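Contents: one structure, followed by commentary.
Labels for the chains are A, B, C and D, by order of writing; each one numbers its residues from 1.
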């Protein structure tokens, strides 16, 4: 089959462009393929895990995540403590500011502004988050998995565009195996009275989810613990049928975040005949594009 | 200003998405900014250089380049010998095949297939190119700059979608300072009779172009010689007013392809107040997106 | 000061080369500077955190880690569940095999070989680890922080070159905030009877360690949770005095693993005048070099 | 074979460390393998091409290059115009200054300082280079290949540690296919009277060198035109027997600088059974290490 140069006309839809990408090369083609695999995994009624690492919420990806949960394109989210904290900031209306990666960090520190590459968040946002979370943390009693704790958080959020809220509404589990590795984790450490968060309970639930009698799919954004935590849950089951990965890391450094999905087949985390592709691209670009394709090509899942 | 999560609805246009990217973060925001800078540089009647390195033609970017020349969004192209050779292959109808980056290269070698990451080109394509080029090369007499030589090539191409043809039609110069560093360079070496290609003549013409009394802009795709050759031509003039760079290289390796546009200001290649942004992204994704924005937001230039 | 080209003579010591690197450029200079900062932080009796992400133990870095603990160059290690599992494999004499990154992963899967880039580990190693760990896990009762649990593991290891053993001998804490994100985590999930691992207890201990009345230093290998978990513990205290980072990630992707140490100053995780440098290099190369410099330039700490 | 953790003792030689790297993993192992392949290619009396891209001379690699030429470890150098210009700066005693990658580029511009990542070069260095070069350029008559022109330059250099001088002494060809893409190229453009530099003559000479009846080897530092120019010269001959590549680029971007040496086999630029390895590392670190290994393990070549 020939490489085809995209014929771009005025007003072209984003999803058409993604379709055209499949006939080009390099990471455009990989993105086109990823979109098709995601479409197939969702259409075939797979159980879909979405793993989300990197500062995707400060970077403005929250509505896409929320929509994917609401439309049931994904059945379960695995993310980092930081993304949870920043989602709470957004949900409380505190948000994030457009900043510069070349700012003077000492000046920012003096102004109580914290920098995440080119995004700023004010210290006072964390104070409001502390106020909000400390109450929940001090109220809760007993042993919670992270996803159970996050339902309690989502339940108390007032913002209908929050993915924590939507996850509560839909009873979609949000696993956060590194909740303690975040400002929320500091809050739990300080404010808990009778609350225990037991991450091994998350492991157990993840393994259960891997044993369902349906196709299994995973969309990996950015590697890290969310990727590994999800792939390892499949070690005891039969392997993923579909896997898509968007990462800016590279295989040759030997780390997990850049590891190919082929490598995961040696561990039987993917089935031998799994459909799988990795897109090497900043997810702030690739994820919205991927989502336009799903939105234009899929129906709402029941 | 707040980071805004893109509100993606069904049927969203690619150019709208690029617009939304400006209010997100990381490289999506950089891409949104790049699109706006390109729009402004073209609207303000700047003289626009497009530099193109990396295997962009095998990867299917040729129609975008051709369109940008035809619409006069760019006034001059600086590219590599390889991109010229692969454009000739496309123009002669030989094209490129969709391949796999994981193919067995020894098997490919036996089948006379050459691999460029995930694109294949057959050995016989090079034979046809040789047939085509050898005739031109042996006919031409005297001293040519690379852009003059490439006009002669474009003139003899029959394919109206070829950017070499369009450049001939529009009398747009295509500079190829590394023509000798390509299969076309081998052909020149073997078949020339009275032809001389004098790259210092290209240098001279590039410097002249930098001394026009209008705003000067540059769109850098992928670094390499095309980037340096264009920026250095500005050393004697006043510096670029606008500069946009799409690259997958990183500043911390110290090389030119990953060097920031800020660094270029220390050399006075950019004006102190130049509008400039670098997008770290595979150009097979970023360039088509950028182009949709220009197409939807600009009129044809006369 | 001039850039000086290293004068390499026969038999040059690795530590001399690192010294010479300080007068070159790019990442060689960064590595030279990192070595000097590490030397100063250790000489000044700082409390030194070593964070270790990426598959550093499969890649053969264990003896360096063990030596740094034994010589008390580092006072505390923060690492991933995977590195703990692979250290146990080594400690039990099962080790890792030299493999190829281009192997056929389906063939490996059939032979029960798991691949980590160019390193192999047999399935049976994990079985032996399970045997070893399941016993400890089922025996232990009560609530443990990860570092307390790992002391119990180290205590039962017979191999004097194991860093788990040395950490037990020296009572050096090894924090593993992602123990559950590993095969050991699966074992805890399956075999625990009355054991609870409470990672918030680790958070609490980390915060205590940050409040000592001495200089504070951190050596970051590879980003990830170990980096964030350590830097965030400093949020409530006064900030690190010294910080060195070795990473293959890049700032422009916006993630934590590639974030500059300057960015950490906006969060006050580093003091405003902290000595800090990032080396962009595969740690399998940079860490051994750094260590030769410390070994040749420092005395054993008491 | 087992992965072995390096046993680092006090005073360890750099070359011993490189030897130990062969039994580790990731890029340390690749570097160990590269050192062994280079040793074998030189011992087996191969004709060795060294290609050098990236700002290696500003970064302090010149003495290593000069030594490799003097000891005849390499028979021929292919490099960029920029490296030639910066070598002339060093040879004239003007050198380069240690700078900062975070400097204010507008301030530097005002002080007539040009920045190359973390290296500075003063504007006046270029003036002295212009003085030196303009004389040679205006004197020379007739048609020169770049390597013939560079012998004329080397001949006039007074500094015995200059690789341009050593290349003249040894009659080692230095090919510079992008001489025009540098400040020296501007000088040629401005000052030439009867001088022509014909790069197709370089192509021709390179092809001749590829047809020798001995083993052929190539050491690629950093990709770019030097890499492609050398590999393409082999297209008509039988392919390299040995190839070593040090690069910070990655295969998945599809460009030549990051392309694997396997890919080059599909083009028959390497023999099917060529010994070849790529090291993903900043060459300011990897090249000196590689050189210590050669120096400690090889005799001077006659």
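The rule is short, and it goes like this: a residue touches a chain if its C-beta (ideal position, glycine included) is under 8 Å from a C-beta of that chain, and two chains touch if they have at least 3 such contacts.
Since we're looking at a predicted model, the values are computed, not measured.
Asker: I want to compare two interfaces, B-C and B-D. Which one has more contacting C-beta pairs?
Answerer: Between the two chain pairs, B-D has more contacting C-beta pairs.
Asker: Between subunit B and subunit C, what's the gap in Å when you average each chain's C-alpha atoms?
Answerer: 44
Asker: How many angstrom lie between the centres of subunit C and subunit D, each centre taken as the mean Cα position?
Answerer: The mean C-alpha positions of subunit C and subunit D differ by 35 Å.
Asker: Subunit B to subunit D: how many Å between their CA centres?
Answerer: 26
Asker: I need the residues of subunit A touching at least two other chains; which ones are they?
Answerer: Subunit A, residues with two or more chain partners: 25-27, 55, 59, 116-119, 250-254, 262, 280, 282, 284.
Asker: Taking touching chains as linked, do they make an open path (line), a single closed cycle (ring), a hub with spokes (star), an all-linked set (complete), or other?
Answerer: The chain contacts form a complete graph, every chain touching every other.
Asker: Which of the residues in subunit A come into contact with subunit C in the complex?
Answerer: Spelled out, the residues of subunit A in touch with subunit C are 53-55, 59, 82, 101, 103, 105-106, 108-109, 113-119, 177-178, 180-183, 185-186, 188-189, 192, 196-200, 202-204, 207, 222, 224-225, 228-229, 232, 235-236, 248-257, 259, 262-263, 265-268, 272, 282, 284.
Asker: For subunit A, which residues count as touching subunit D in their complex?
Answerer: Contacts found on subunit A: 25-27, 250-254, 280.
Asker: In the complex, go through subunit A and note every residue touching subunit B.
Answerer: Touch list, subunit A to subunit B: 1-17, 20-21, 23-29, 31, 55, 58-64, 67, 90, 95-98, 102, 116-119, 262, 280-282, 284-286, 288-289, 291-292, 295-296.
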